[in-house]
Every structure is written in structure tokens, then in C-alpha cells.
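What follows is a pair of complexes built around chain A, which joins chain B in one and chain C in the other.
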Partner chain A sequence: MSFGKLKKAYGRITINPNWCKGCGFCVEYCPTDALEMSNAYNAKGYHPPRVKNADECRDCKFCEKVCPEFAIFVTTDQR
Partner chain B sequence: MTRRAGVFVCHCGTNIAATVDVKRVAAELARDAGVVFSNDYVYMCSDPGQQSVIDAIREHNLDSVVISCCSPNLHEKTFREASSQGGLNPFQCEIANIREQCAWVHKDRDEATTKAVKITRSAVERARRNQPLTPIGLPVTRKVMVIGGGIAGIQSALDLANAGLDVVLVEKQPTIGGHMIQLSETFPTLDCSQCILSPKMVEVSKHPKITLMTSSEVTSVSGFVGNFKIKVHTKAQYVDPDKCKLCDDCTAVCPVVVPNEYDVGLNDRRAIFIPFAQAIPASYYLDPESCLGLNPVVCGKCANVCEADAIDYDAKPKDSEIDVGAIVVATGFDLYAKDKMAEYGGGKYPDVLDGIQFERMCSASGPTGGQVLRPSDHEEPKTVVFVQCSGSRDPAQHCVYCSKICCMYTAKHATLYKHHVPNGRAYVFYIDIRSGGKGYEEFVQRAMERDGVIYLRGRVSKIYQSKGKLKVLGVDTLAGKNVEIDADMVVLAQAMVPSKGTTEVAKALKIGRDKDGFLAEAHPKLRPVESVTGGIFLTGAAQAPKDIPETVCQASAAASKVIALLSKPELEHSPVVARVRESHCTGCEMCVDVCPFEAITLVEGKAHVNEVLCEGCGTCVGTCVRAAIDVKNVTQLQVFEMLEACMGGE
Partner chain C sequence: MKGAEPAPEYSTDDKAFREQNPMAEFLRMERMPHIWCPGCGIGTVVTCFVEAIKASGYDRDKIAVVSGIGCSGRVAGYVKFDSFHTTHGRAIPFATGLKLANPELKVVVISGDGDLASIGGNHLIHAARRNMDLMVICINNFTYGMTGGQVTPTTPTTANASTTPHGNYETPFSLPFLADASGATFVARWTALHAHNMTQTFGKALKHRGFAFIEVIAPCTTLYQRRNKLGDGLDAMDYYKENADIQHGADTRSVGISFQGDIALGKFVERQKPTFLDAVNDHYMKVLGDSYQLYGKTTAELQKEAEERARLSASKEAEILECGADD
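Up next, the complex of A and B:
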């Protein structure tokens, strides 16, 4: 539809479920709502988050900054 | 109490005389006690008519005058001035309305004449007890607020500022320019819209007398003509326009992409953006809705790269209160949403565009760089159908009225399309071609004859997609057959509706709107740029659909009205205001509560009227249980005597 040539920034989200303590900060604070909590259990018995909508990640890395357990990070996706 | 009344009955051509026997009215009034002179004349408001009033006052030593004619809205001022020339106090002249309230609404000549006699007689009774009054003087604030920064607001603001008045121009969007700056070329001369508007926008930004407030909205207004107090809410300015150097570094790093409002979704923008290169104020703008978080920890990329340090995520919205003497409302129009045209697939098919989208496409600064391309596959359309009256002149489903400019802009669109794609086919469906205006008819003829645009007289019933084409089903009423066109693109000439801002501003200013939501003028012919509220003026498409030349005319007209208003050192306020009889007032405060103008307060246990705020509406009179409050020259005694005169004899 659009004739625009601007490119969005994309990030690839990596989650280390076993480090996660299920605080949900990353889900709560993601500005584009790219994450959600999963029903799965990790080794410690917590629910880690999972990526809900990978295309929505704008590579802002705020989840990295709010995660108390260093269990999530984002790398730039050069698509 | 006066004893020497004069009565003057007007024929108003045949407006009154056709239904009312004016000679009989004059003759019957002449027999009344206290009436020493009675006369009739074909046009009492003409110069000889007015002179006859002046002469009669002097010759017969009249002490009150009643003119039996049209509504006091029209000529009360005229005849009060004439009476004053004759040596009377202007407030000893009263109008008996025997046109709107008698001749125009009746058919039976005999009964209408009897009624006209009664109306006149009751006005004589009222005038008999009128006190000589002098208008109340009011100080004036020599500052004007213009609401809306489109071509109407820009023109008004410049005219006012050039006349030496201080002007505050308030615009809701981050830039001024309005819809006109979105247009590619303008009919009938095909001059570039940006080229003629941008210099005016720059003039506004540089004018020492104009204060520009963008991203701002009027929230409430109090006061009255000459002394308004206006509250303006300015959204947080995250980018400081004074510091921004327009280097474009911020957009390179902003990770967000959203549809651009300026190109009506045909192009994209970042969360930090400049609406268009010539925007005024010349500054980038940060849209908090699409920004990831206005927080240096969340993203903060734009602030990191901004060398001018112009970005401040902690900026706060501002509320200011501004005193002005007059207000010009230029809040403009919106296009009737194309998604409402379900039968034409508006909002459903990407290749069904509205007028402004097509303008953007034709514009050199637009999303396609001036090429006409289909949004769906970016190919050049070989057949384009233009549908006029889309949403207009359709009382059953959409707007009742004619949007006035669509005939002309469709002719322009079809012409521009043929200039861009000379071998393409352009069809226009129309009901009527309304091309009244200098050079307009010639322009439409040129589109038909020189550019070969095919005009089909009839409506389109349905548009749907089939095999990559838009099937347009319509009728050609001149050939008397159904038409089916396989189009690559359809452009709907959507109706003009009052902008959302117009509705909001009308509420804040408490000014009236007509049945279609446009701002209501005080008189459709004689006061087209004034609202009913004194000191508030209307201009542009907020008042009715109109094209650019008409808008500019009206904007200058509104400005000249304001200049005339504020040129006097003092304004005059009608002395027909409420008066309290303190001996009767018990201080019950009921009048204080009901006064719609907040003109009454309690001072030492008695009601006190602020004569400047009082409009003489009489609500307090109807409320007071002890008859302690009266409106000057409409006292309760006068009202009873008027009623008696009306009822008398039957």
C-alpha cells in the first residue's frame, strides 16, 4: 500500500530460560509488546517469557536492561 | 412617559404591502390617543424614508417613534440612528416587526392587517415608557486570536498583523499549512500549491506581530467582545524548534516506521519526523504515540545523535491564558471518511483513493515523486475512474449538501492524470458540473476537449475487485445505458465535512453550528463572516465548503471586521441591562444562579448587576419572586401594557 522506503529496525531476541526467575519485567516493559509469558517451566520451576511477535522487536534492548537475571538479550537483525 | 408618539409603517416593497394593508395600519394608529403622527412609505429604510422620520420628529415635536417594518435584527440600528439625528434619544425608537412576524407568515389580508395593527400598537405602548439611555463604554484588548493555521487562518493572521494588531495563531498540528499544503496544483491556473503557500507560512513565522502556537488547542473561553480570556493547551514539545538544525540525523537512527499523516498513509515516517520539508515552525517533531518510550533508557537513540541537544524527553505540556479582543475561527474541514463509502470499496481496496491521496500522488514532493502509480502494485494505471459527489448530495446515506469544490478538483485530477499518463483513459462520473467561478468553466471544457477526459453523466452504483481490476458499475443517463468499466484505479471526490477541531472549538467558544455541523454565521447574506456571538468571526471551510480563492476572500473579510471592531478606543455595550430595585431585593440569590452570563453577584446582601456582562436576556426577571429586578426599557409594566394592547378590543 505504502510507497515508503523507510526501513524499520529489527532485533533478534534471545532468551536463556534457565536463568529466568519469571519476574515478567521484560513482558511488562517491552514498548512494542513483542514478548509474553509462557506456560513452560524452567529448571528452577519458573515460567520464562517467549517471543510473541518477532517482527515487532525494534531492537531497543530495553528487556536486556530491565532483566535482573541477565536472561534475555537482543542482537541487531540486518534484514 | 411620552405623549407624542410617531408611527411609520413600511411597505417593504411588496414584502409587507402584499399581505398587510399598510394604509389601514397607519390610519388606525393615527386615531390612537398619544399618537400625533402616522405615515406609510414604500421603503422606510431608504434615504427619503429615513428623512421622513427625521423631519416628522422635528415638525411634530415627537417624543417617541415606532417603525412598523422588518425584524429589529435588520434595521433597529438604522432607525435608532435616524431618530437620534432628529433629536431623540435612540432608545426612544422601537421596531414593530410586521414582516417576519406577520406578513410573511399569513395569507388572509384582513386578519394580517388586524394583527399588524396590534403589533404596532403594542410597540407604541412599549415606547411610551422607554427611558433615554446611553450605551455603556468598554475597554478593548487590541490583540486577536486566530484559531487554525490553514490558508484561512494564515491569511487572516497576516492581514491583522499587517494592520498593526498583535495576533496569536493557534494550530493543533505540529505545523501550519492545513490542507492546502497537501495539494499538488490548484485549479484553474494549475499553479503549485506549495509555491504559493510556503512564502505566506514563512511570513507568518517571521512576522514580529504574530505569535505562533503549534501543537496547541483552545480549551475554554470566557469574557465577551473586546475582552476574551482564552485558555490554550500546548502539547509537550519534545524537540525544541529553536535548537533543531534540521540535520535529519535523528530519523536515521529512529527504529520506528508508521504511516505518514501528511501523505494520508501513502508514505511512512519515523516517530521523530518533520511533516514536510517546508514545515513551519521549521523543526522536527517527536510523536509520543509512536515513540518507543520517551525515555533515554528505553531507546534514546535520537537524543544520543542530536548534536544540537534539541531533544528533551522530560518536556511538559503547557497551559496558558491569553487575553484577546476578538477571535477568528478558521478550523477548516476534513474529507468525509472514504471507509464510509462501502459501496465504492473505500478503505477496502488499496487502489480506491480519496481526493487528498491523489493530490499527494500528483505532488512533486509526494510519496511517488509526482508519478501516478497504483498503491497495490506500484504500476502505472492505464484506466482511472473519477467519481464525483462521493458522499455529497446523497440525503439517503451520506451528506445532503453539495461540497462545491469537487467538480473543479476532479477536472483538475483528471487533467493532471492525463498530463502524467497521456495514453491513459480518464473517466469522470458526474451528476452535474458546477463550475461557477472565474476561469472555471473554461478549465472543465479544456479537460474534456483538449485533454480528452471522458465525462459520463450518471452515478456509480458499485465498485468491486475482480481479476486484478476494479469493476466500476455505473450508468450513463445521457446515452440511457448501463456502463461497466475495468479500472486500474478509482479516485473518490469525497464530500467536505467540518473538521473534528471545528466541533471541539465550537463547543469551547459556545458558538452555533448549522444542521450539517459547519459554523453558523450571523446572517447568511449580510453578516457571512460573523458568528452570532459578538467578537467571534468565522472564515474558511469551517463555515461551509469553499475553494481557496473564496477562503482567502473570507479570511481577509474577517480580518477587516476585526480591524474595524478594534479600531475604536472603546466598545459600546447595549444599555438594555437588568436593574435591581434594592428596596425589594431580599438577597435570595436565585437570579445569581440562573444568570447565563454570570453578571449578577451578591453585594452586601443585595443582587448587583455587572452591566458590562449583562446581555439583557431577562432570565433573572422571570426568576425573581419579588419583582425586584427588571430589564431597562423592557420593564414588567411595559410588558403588561404591550400585552393589553395586543389583546385589546377582543
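Up next, the complex of A and C:
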């Protein structure tokens, strides 16, 4: 599908696994399924999310807004 | 064995994360991680509020955040504005005083349903009646989270709370209806899931002149969800997703929430009315005329006035001296 000169947006996801409390909001409500829960544990015993498919991130920043722990943010990736 | 996975990619160490975080300018990152439970919605509301302030371009020194007691009362400690953690239920009176002492400030009250609707219920309705120029964000989780899950004025009928172990038999408040009926000029409701909509509404409420009341439904996983066997934070979010019904401009009489029932969302009321300070000035200008000194002038205006007065009195003194010299 082409939308003229519009280009795909890309985001770069940064996660702080130490602050995460494993609520899963970012994974569940990511519109493009760029994230998944990992099997790793953090120091508190929660499973932090991890980036499943970095190319799928469309820089919508919903995970950043919905995260109650301020433990994830997205920066625009210029490519 | 599971759990032997390497640390998630794209993660950084705590110090770098604190500095790089786009909210570092507005949140006291040195206090993180915060005390709220896993799956609690208060953090989401704080993020949306900060995003709204970022988008509105407000000067950070012109914003004051006041909060009461409870889980949501801790917001004042985490935001990097001039903030004030007040006594139980008295967030709105403190905010009113702050606004009247310095009308340049944009005063935002962030507190919970137990604080604003229960012990502070009187203050809420009277601030709405006066149309004080405040923005009130009420994070409604249907329970007293910090003190052990007691019943609040917003707990839906039949819901279980620690003080109603066989189900709640009282009729709850519908907060948008209460605010609207009391005279609030901006009334909206969102849930913790509707982060983008909430951010936009916060932005509109920041620009609104008058009493803005925004109710945000948020999950309380540790008490409300657990006591009612409703699962965790994700289940609460799924419920918001399934049962949310966006009705902008809906009649606030129809937006009450029953236990696990439909939630009407949106901006219900926006109207213009003279604020408390406008009403004071208008009235005394009529009654007292020119001898009345307008209330609520900016510091710069007051300074200019004081200088003018000093200049006038100095010239008068000089005149008197001159007169004395003539005699």
C-alpha cells in the first residue's frame, strides 16, 4: 500500500528491567506486537518485557504512556 | 531451565535510563521506582499529565500540583513541579488558597476518590459551585487503597470491600454528575487504558478557565480486584476495553457505573462561566466603584503600581516641602 511520500516511522524502545513490575500492559496493548514478556527475572522477581521485533515499532509511544512504572520509553529512529 | 535468558536487549543501566528518559525533566527520577503496586493505574495518569504539560508548553514554574492523602496522594512527591502533599481531604482548600494567593499559578489537584469525594466531598462541591480556577484529576479506583480496601462513596453496589465483606449495599456517587450538578464547567471521564484520549483531555483542561474535573478510572489490583476476584491489572484493562463506551457530551445523569457494568467515557461538559476571581472583581467594581483595588493582579502589575504610588507620594512630599518653603 502506498501513501505517496509518507514514510514508515520507526521507534527505538528502551526498557529498564529493574523498575518493571511485570504488569504486562505494554505487551498486551502494543498495536504492532513489537514486545513480548521475557522469561528473565529482575531483582524483584518480576518478568520484564523485551523487544520481540524491533522493526515492528511504529513510534506510537503508547507503551511509554500506559506504563505505570515509567520503565519504558521510545525514541524516534530516523532511518 | 527457564530464567537463564540474557537481560532484555535495548536496556540500559539505571543511571543512564534516568537521564535519557524523556520525562526526566518533569519527574523526580531519583525517587523511582515508586511505591505503587504492579498493575496500578496511577503511574499511567502521571505520565499522561506530564505529556499534556509538555505538549501545552506551560512554564514549569507556573504549575503547582496539590494532592491529598492516599496512594494517589503520593503523586505530589514524584512530579518535579512545585508540589504539595496536604492533609486528608483538604487538597482543594489548599489549592484554593494557593490560587488566590498567586493567581498566576495553574493549580492542579491530583487525588483519589476516597480523598476528594469522601472526606473532601464538601470541598469538591463548593469549589465547583464557586467555579474556582482549578484543575482536579480524581483517580477513581473504587476503594481506599492505602488503608486496606474500605468502602468509598464510589464503590459500586454489590462490590466487596473490607468494611462490607458481604457486598456493598450503599448507592455510589456518580462523580461526573456530582461535579456537573455542583457547577463545574469542565467534566470528563477516562480510564487508565485510554492514555492518548486522557492526555488530550488534560491538555484541554489545562487551557480551560474555571473548575475542570476529570475522573480517571484506574485499577486497584491489590485490594479492589483481589477482593472481588476480578483478576489482575490486565483483566481490569480488558474490562475497560470491552465495556468502555465513548459518549462525548452525554448527559451526566446517565453516566453512573454499576459493578462491572458499562463505563461511559468522554468529555461530558464544557461551558464558560465567570470564575471565582472574576465574580469577586465584577461584584466589588459595581458596589465600590473606583476605590476598589482589583484582586488577582500579576506580580509585575502590582510592582508597577507600587512604583507609581511611590513616585506619586514622593512628588507630593516634594510639593509639600515646596509649599513649606513658600511660607
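Assume the second predicted complex is superposed on the first by the 73 of 79 C-alpha atoms of A that agree within 3 Å, B and C clash if a C-alpha of one lies under 4 Å from a C-alpha of the other, contacts with A are read in each partner's own complex, and residues count from 1 in each chain.
Methods note: a residue touches a chain if its C-beta (ideal position, glycine included) is under 8 Å from a C-beta of that chain, and two chains touch if they have at least 3 such contacts.
What you see is a predicted model; the values in this text were computed from it and never measured.
> Decide which partner touches more residues of chain A, taking chain B and chain C as the two options.
Touched residues of chain A are more numerous for C.
> Quick check for you: in the superposed arrangement, does A:Y41 touch first (chain B), second (chain C), both or neither?
In the superposition, A:Y41 touches chain C alone.
> According to the stated criteria, A:P49 is in contact with first (chain B), second (chain C), both, or neither; which is it?
Touch partner of A:P49: chain C, not chain B.
> In the superposed arrangement, which partner chain does A:T32 touch: chain B (first), chain C (second), both, or neither?
first
> For A:P17, select first, second, both or neither according to whether it touches chain B, chain C, the two together, or no partner.
second
> Where does A:F62 make contact in the superposed view: on chain B (first), on chain C (second), on both, or on neither?
In the superposed model, A:F62 contacts both chain B and chain C.
> Does the superposition put A:K8 against chain B (first), chain C (second), both, or neither?
first
> On chain A, which stretch or stretches are contacted by chain B in one complex as well as by chain C in the other?
After superposing on chain A, chain A residues 29, 62, 65 contact both chain B and chain C.
> Under the definition above, what is the set of chain B residues touching chain A in their complex?
Result: residues 255-257, 259-260, 265-270, 292-293, 297-299, 350, 367-368, 373, 375-376, 378 of chain B touch chain A.
> For a test of understanding, state which residues of chain A touch chain C in their complex under the given definition.
Checking each residue of chain A against chain C gives 12-19, 21-25, 28-29, 38-41, 46, 48-51, 54, 62, 64-71, 73, 75.
> Taking the touch rule as given, give the residues of chain A at its contact with chain B in the complex, in rising order.
Residues of chain A touching chain B: 1-9, 29, 31-32, 58-60, 62, 65.
> Quick check on the complex: what are the chain C residues that touch chain A?
The contact residues of chain C facing chain A are 2-3, 5-12, 14, 17, 20-23, 27, 29, 32-34, 36-44, 46-48, 51, 192-193, 195-196, 199, 232-234, 237.
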